[in-house]
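Right after this note come the structures.
Two complexes come next, and they have one chain in common, subunit A, joined by subunit B in the first and subunit C in the second.
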Partner chain A sequence: MKLFGSICLFLACTGYGLIRARYYRERPRQLQQLRLALQGLETEIEYAQTPLPVAFVRIASRINGPVAGLCAFVGSELAESSRAVDEIFKTAFTKFDQQLYLTKEDREVICLLAATLGISDRKDQLKHLKLASSNLHQLEQRAAEDRTRLEKMWNYLGPLLGALIVVLLY
Partner chain B sequence: MSDAHYSYDYLLPPAWKQAIQTLPLAFCLELEEFRVRVDLPLQIVARGISLYLHPSGQFKSEIPVSYKVSEQDIRYVLQIATQSSLYAVEEELRRGFLTVKGGHRIGVAGRVVLDQRGAVENMKDIRFLNIRIARSVPNVALSIKPFLFDPVRLRPLSTLIISPPGCGKTTMLRDLARQWSNGTMHPKIKHLNVSLVDERSELAGSYLGVPQLDVGTHTDVLDGCPKAEGLMMMIRSMAPDVIVTDEIGRAQDRDALLEAVHSGVTVLATVHGSGMSDLAKRPVMQDLMQQRVFQRYLLLSRRRGPCTLEGIWDEHGRNLRKVSEEIPC
Partner chain C sequence: MIGSDSIDIVFQVAGIGVLVAAISAIFKSVDKDEFANWTTLAGVIIILFIIVNKVGELFAEIRQVFLIH
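Moving on to the complex of A and B:
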């Protein structure tokens, strides 16, 4: 019984460590995908003047992962509902919460941008998109630094922590 | 509200949508425009009658003191009309109107931004909208059919429709285009290839290039193109039998129309005016009349509702049908 408990404890700690490590690994990737999506949106607005619903669906087909799902959802909601863009983004973040490894700060950048999307002329839209892109770039750099520091640490820390508790219990 | 008569209702904020449903159907069928002005009551117009939205959610003829259109209402309409993409309609805003799904047109007014040369660059702070409901009225041209073709050569005759604004010129022109295109004008004249140059997206009500109103099965539409240039483009590229355009009046239009007629194409067009004598005073129109570009002139008025026919003249100025008659519209 004691052995079984110890194994469970060890596995739980290892699992927790892996989840934390995954967060540090996925966040920079998703931030990069978001930045790519914004670049795509910039092109759609600047050269093709594509309306937002179509632009988001097109962008979704060009990128991968949960960010693509987020874009596809925003695109279809924009086409079907009469809600404002920032409201749709908030709903999308709640819907994809489990799959997104983004911090509150990351989401804030996108929500701030969403509040300005589609309500002004092209020049203005591009300025907002560039600003959000550079903000995301900074966050992405910081996330990459975090990854090099913390991903490996959590990979080892989980099992080590589990082993330590088991040893202490014995 | 899925009925085609309410094809504009997706543009309206929910409160207005509900209010429209309380109106009698006959009135809704003839609804012409919604006049939306920020901080002023919402006005709707049909059959020349204006009604205003009251706080009770009903339309009445008295102007209300308390119910006013808010900035949010205008933002809502614009958001729906532009699919949350104001940047995508910059070109249209520069011209002062948007054409939306269903072929309806929204006239916009607000603060204009000029570029360095003093030309209109953009429009910001949109505060006034005029939602004009587009409706094709099939067979409005029914009773004038016999006058509009050459009975010997069985060819359509070039026709100019004259009327003051809001008398159904465009509706009549659209129906003529549709009938020639579908081959329903005369049993012996089969369908003709019609080219439609729609500078203001009013004739075909195109949305993303697709005509939203019925302009016939053999009709090609050049949307948003300046008339003179568009007429030449269509003659060269689409080999039309009939070419249709709206609101002519500039010297370039005259030159393009002359070119069209000399290439053997029948021209259908409209012009603002209140009568033949009025028309003869304008140099451009005078030239067209002297060169016998048009073989038929139709004068419309609103005397007994839109599309009231006031007379038909031939190229020599002879009145073919003096008695005015209301055409079912």
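Moving on to the complex of A and C:
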């Protein structure tokens, strides 16, 4: 019984460590996808002048992962409701909260951009898109740096903490 | 009077020592020195708590042996 409990505790701590490590592994990838999506949006606005709902759906089909789901949701919501773009993004972020490994800062960049989408002329929107893109790029680089250090740390720390607690309680 | 119980404590303390050392080494390798120090300190305190009980027992026994009440 004692052994069974110890094994459960150890596995739980290991799992927790792996989950934390996955956060650091997924965040740079999702930031990159987000940046690709913004680039796609840039082309859609600059060359095709696609309406926003259609543009978002098109982008969603081009990328993959949870970000694609986010874009598809935003596209369909834009087509159906008459709410502001940044509000829709906020609901989208809360809806996909479980799948997105993005920090508050990352979401803030997107929400700031969304507030300017669809309410001004093409040039202004493109400027904002470029700004958000470069912001995301910076965040991505920082996230990649964090990944190399913290992903490994949590991978090891989880099992070790589990073993420590087991030894303490045994 | 060394029973299997007291040997267990030696192993427990040794285990905690090894694991705390490993954890603090990991923290140090990712440039989180303050966490490393905290872990070491926490390990020392935990082990101290375990040992204080036993030291107390030892003193009680010494008192008993020399009949100081």
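In the analysis below, the second predicted complex is superposed on the first by the 170 of 170 C-alpha atoms of A that agree within 3 Å, B and C clash if a C-alpha of one lies under 4 Å from a C-alpha of the other, contacts with A are read in each partner's own complex, and residues count from 1 in each chain.
Assume a residue touches a chain if its C-beta (ideal position, glycine included) is under 8 Å from a C-beta of that chain, and two chains touch if they have at least 3 such contacts.
Everything numeric here is computed off the predicted structure, so don't read it as measured data.
Following the overlay on subunit A, a side-by-side fit with no clash is recorded for the pair subunit B and subunit C. Comparing subunit B with subunit C, more residues of subunit A are touched by B. Legend: residue contacts after superposition of the two complexes on their common chain; A:170 is shown touching subunit C, with no touch to subunit B. Of the two partner chains placed by superposition, only subunit B is touched by A:45; subunit C is not.
Of the two partner chains, subunit B is the only one touched by A:53; subunit C is not. By the touch criterion defined above, A:156 reaches subunit C but does not reach subunit B. Within the superposed three-chain model, A:62 lies out of touch with both subunit B and subunit C [touch as defined at top].
In the superposition on chain A, contact is made by A:121 with subunit B only, not with subunit C. Least inter-chain distance for subunit B and subunit C in the combined superposition, rounded to the nearest angstrom, is 46, based on C-alpha atoms. Note for the complex: subunit C touches subunit A at residues 12, 15-16, 19-20, 22-23, 26-27, 29-32, 46.
Subunit A makes touch with subunit B in their complex at residues 45, 49-53, 55, 78-79, 82, 84-85, 117-122, 124-125.
Within the complex formed with subunit A, the subunit B residues making contact are 75-76, 79-80, 82-88, 90, 122, 124.
The touching residues of subunit A, when paired with subunit C in their complex, are 149-150, 152-153, 156-157, 160-161, 163-164, 167-168, 170.
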